[in-house]
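These are the structures in question, set out in turn.
You will see two complexes here that share subunit A, one where it goes with subunit B and one where it goes with subunit C.
And now, the complex of A and B:
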């Protein structure tokens, strides 16, 4: 019940923030509504039991990307209340096209039976997070026995706790696939190569951004002032 | 009010996507276009995580969503550098003035 209430609150906040980003003309207010929308999406990630992803969303998006955008607004504003208007005809056309696109998306989402498609996927362990918790419990402090309490604790531990599994999958291991079925699928590949590729990509992109955005000095030479 | 299912999250993702596309299409401010791109990527991320939760995909959706977050950060950095260069050359951030295709 509380989950549904939280879902509706944050879903309305996310959608309303996104619509306000579109509707507002002031860039700084757009940045504020973007913070509202992205923070609500992070809360939706927490509701979807993706705890690390929600925290990363808060840290990288709300803490990093939006601040970067606000700095961009500061560095490019030519007046204190700069507003670049969109003409009303364009607003009407854009709203109509957006409504049509939303109608197409919503109707096609409603048409598809997702459970039937999910059944066609290869079977994977239903509760992958349980493995981690169970092995932790086996080696850990709790005395053995009382399987009922272990089952209840496994159900509890299913909420979130994806940090270790995400880290292991970035190292090329898949504990949720490989440990449960006893290698029935063969070894499921991890994400080591995409992780390395995206690391190099991020490094190259940041160097390129620093090169692009560097301050250009106007060379004013004494002997040829008409060049410069 | 029934159980919150997959469809509700997909609706939220669709609304975010449409808002981002409309934002990209109608804003004339370069920074506003970047915000539209962020909204589109967030809508896609909501879909990834919802499928990771409600279908037996397991951890794959969350991993892909993390990659998308990192790519969005990189894209914002490069696009902002381009916007700063644009502002240095044109003294405005209005994308309609960038119709010369030089310098």
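And now, the complex of A and C:
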């Protein structure tokens, strides 16, 4: 019940903030409303017990992207408060694109058979029950859903504890899949390769940005030593 | 979330209490108990959040006075001026709340709250003792870094919306500084997290139990250096001198808070001093043994855990555990206060850096140093394993130690006043 209430509060804040971003014309107010909207989305992640995702949302979007946005506005603004005036044509094009995206999202969400998805969820998430590796191993080896009380315990302790599973997935292991499928303990593929590819991409982008933004030194020639 | 720590949570206790007074159905009862428990938890955290800055501001003035061969406050509240901060607070609340005509009034009024809420939210995931934490998140260390990085947003928006050139300059410097200093801070914090193999502060704290040699700072030479790197960066990240470019009162009047007055001005300071405590407590948890004193006294105190169960007829409440946690909280807060004292000491000793020097310090020195330390901390166990056939030079490996520790605590550990009630 409390979760329901909090969900509605944060859902309204997220949607209202997003609408306010579009409706305001002052860039820095837009950034403020963006903070409200993105922070509410992070709160929704926390309500879904996805602590890591919520923290990443806060760190990357609220703490990183919005700060960079405001910083960029402050550096480039010519007047005291930068205004963005949209022409009617832009409003129409923007609204059309937004409505199309909304249509795609709504129709694809509507096609999902939620009951079937709920049936396919594992009864006991193969959760790292305790903090150390040895006990985690012990808990993981138990057959899934052996008794009702164990299921309840597993679900309760699963809450918010997604970090180890995420970390293992990025190392190329999927303990949740392997254990749920039972029988053969084959290794389900994790996300090691995509993770590495993204890391290399980011490194390339960083080096490229540093190259573009470097201070352009004037080459001091022998003929004109007075130029320093 | 509370299964292994507490026999009952505060919510369950309050539910029983409410049920004995009025009879309501089960669902309403849990909602009432949840709200009551949430108020108690928030109140306790708010006490810490607001109480520590009062002490630190007094300490700052006193230490500054002594360093400059003065006495500092002496009159208000006895010969040491204990009540000086309270008197100042009362004076500040009475002041007029000015909003400049040039200012963007919505953001100008909201940004002090943004900074303060971000600083307060960091206290939610900060464990004060073994089990005394408002939200025991599995990724607590990551979450606290994320929350502390939000405080800068309030400061930037405050500077920008003031409609003043001084404030804008302060905010721009702050933004440039914070965006850069977050990188070495995260890398330095990663080094002890790598050793612990966990982002959970409870686990990290327990791994450092026992003697002082079990603290992560003495785990290997690179963690030792990483602590000083982290502390330098943390000082910069809470914009303390010599990195207080955002305020720079000798050149920018008062920097980002030039246009603020009264209550809004004072909660900026509340946020700043609370953040000083937060980064110092994180340093104490990650490097300096957390709530363990390192002198084996807590080994004796830990034996109290689980004693005196059912005290005051409260089912599941253990006096011994409460006292042991109280001791742990005192140890952690003392360590954090010592680190805050060092920050104050540095402020009144070193001159302020220029903005280009601040950026050079970060990008040309601290980032490479922290990357090198991180790399070496990764390679150190491999080096030991290949030469000495073990991953630590002496003593038990961390993994072996935690297995013992997890078995020991009894289940009847209750009285977790700040245990989460999700």
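Definition applied: the second predicted complex is superposed on the first by the 141 of 228 C-alpha atoms of A that agree within 3 Å, B and C clash if a C-alpha of one lies under 4 Å from a C-alpha of the other, contacts with A are read in each partner's own complex, and residues count from 1 in each chain.
Assume a residue touches a chain if its C-beta (ideal position, glycine included) is under 8 Å from a C-beta of that chain, and two chains touch if they have at least 3 such contacts.
As the structure is a computational prediction, the values presented were derived from the model and not from experiment.
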| item | value |
| --- | --- |
| Partner chain in contact with A:206 - subunit B first, subunit C second, else both or neither | first |
| Touching partner for A:162 - first (subunit B), second (subunit C), both, neither | both |
| Contacts of A:58 with subunit B and subunit C, given as first, second, both or neither | second |
| Of subunit C and subunit B, partner touching more subunit A residues | B |
| Which superposed partner A:31 touches (first subunit B, second subunit C, both, neither) | both |
| Subunit B versus subunit C as contact partner of A:172, first or second or both or neither | neither |
| Touching partner for A:75 - first (subunit B), second (subunit C), both, neither | both |
| Contacts of A:114 with subunit B and subunit C, given as first, second, both or neither | first |
| Set of subunit A residues, in rising order, touched by both subunit B and subunit C | 31, 52, 56, 64, 68, 71, 73, 75, 162 |
| Contacting residues of subunit A [partner subunit C, same complex] | 1-2, 26, 28-29, 31-32, 35, 51-52, 54-56, 58-59, 62-64, 66-68, 70-71, 73-75, 80-81, 130-135, 153, 156-157, 159-164 |
| Touching residues on subunit C, where the partner in the complex is subunit A | 1, 3-4, 27, 30-31, 34-35, 102, 104, 106-107, 110, 114, 137-139, 142-143, 145-147, 149-150, 152-153, 156-157, 160-161, 163, 168, 171-172, 175-176, 178-179, 182, 198-200, 202-203, 399, 402-403, 406, 422 |
| Footprint of subunit A on subunit B - complex, ascending | 1, 3-4, 6-12, 14-23, 25-32, 34-36, 38-39, 42, 45-46, 49-50, 52-59, 62-63, 65-67, 69-74, 76-78, 80-85, 87-88, 91-94 |
| Subunit A residues touching subunit B - in the complex, by the definition given at the top | 3-4, 7, 11, 14-15, 18-19, 21-22, 27, 30-31, 34, 37-38, 41, 44-45, 47-50, 52-53, 56-57, 60-61, 64-65, 68-69, 71-73, 75-78, 84-86, 90-91, 94-95, 97-98, 101-102, 105-106, 109-110, 114, 117-118, 121, 123-126, 128, 162, 165-166, 169-170, 174, 176-177, 191, 194, 198, 201-202, 205-206, 208-210, 212-213, 216 |
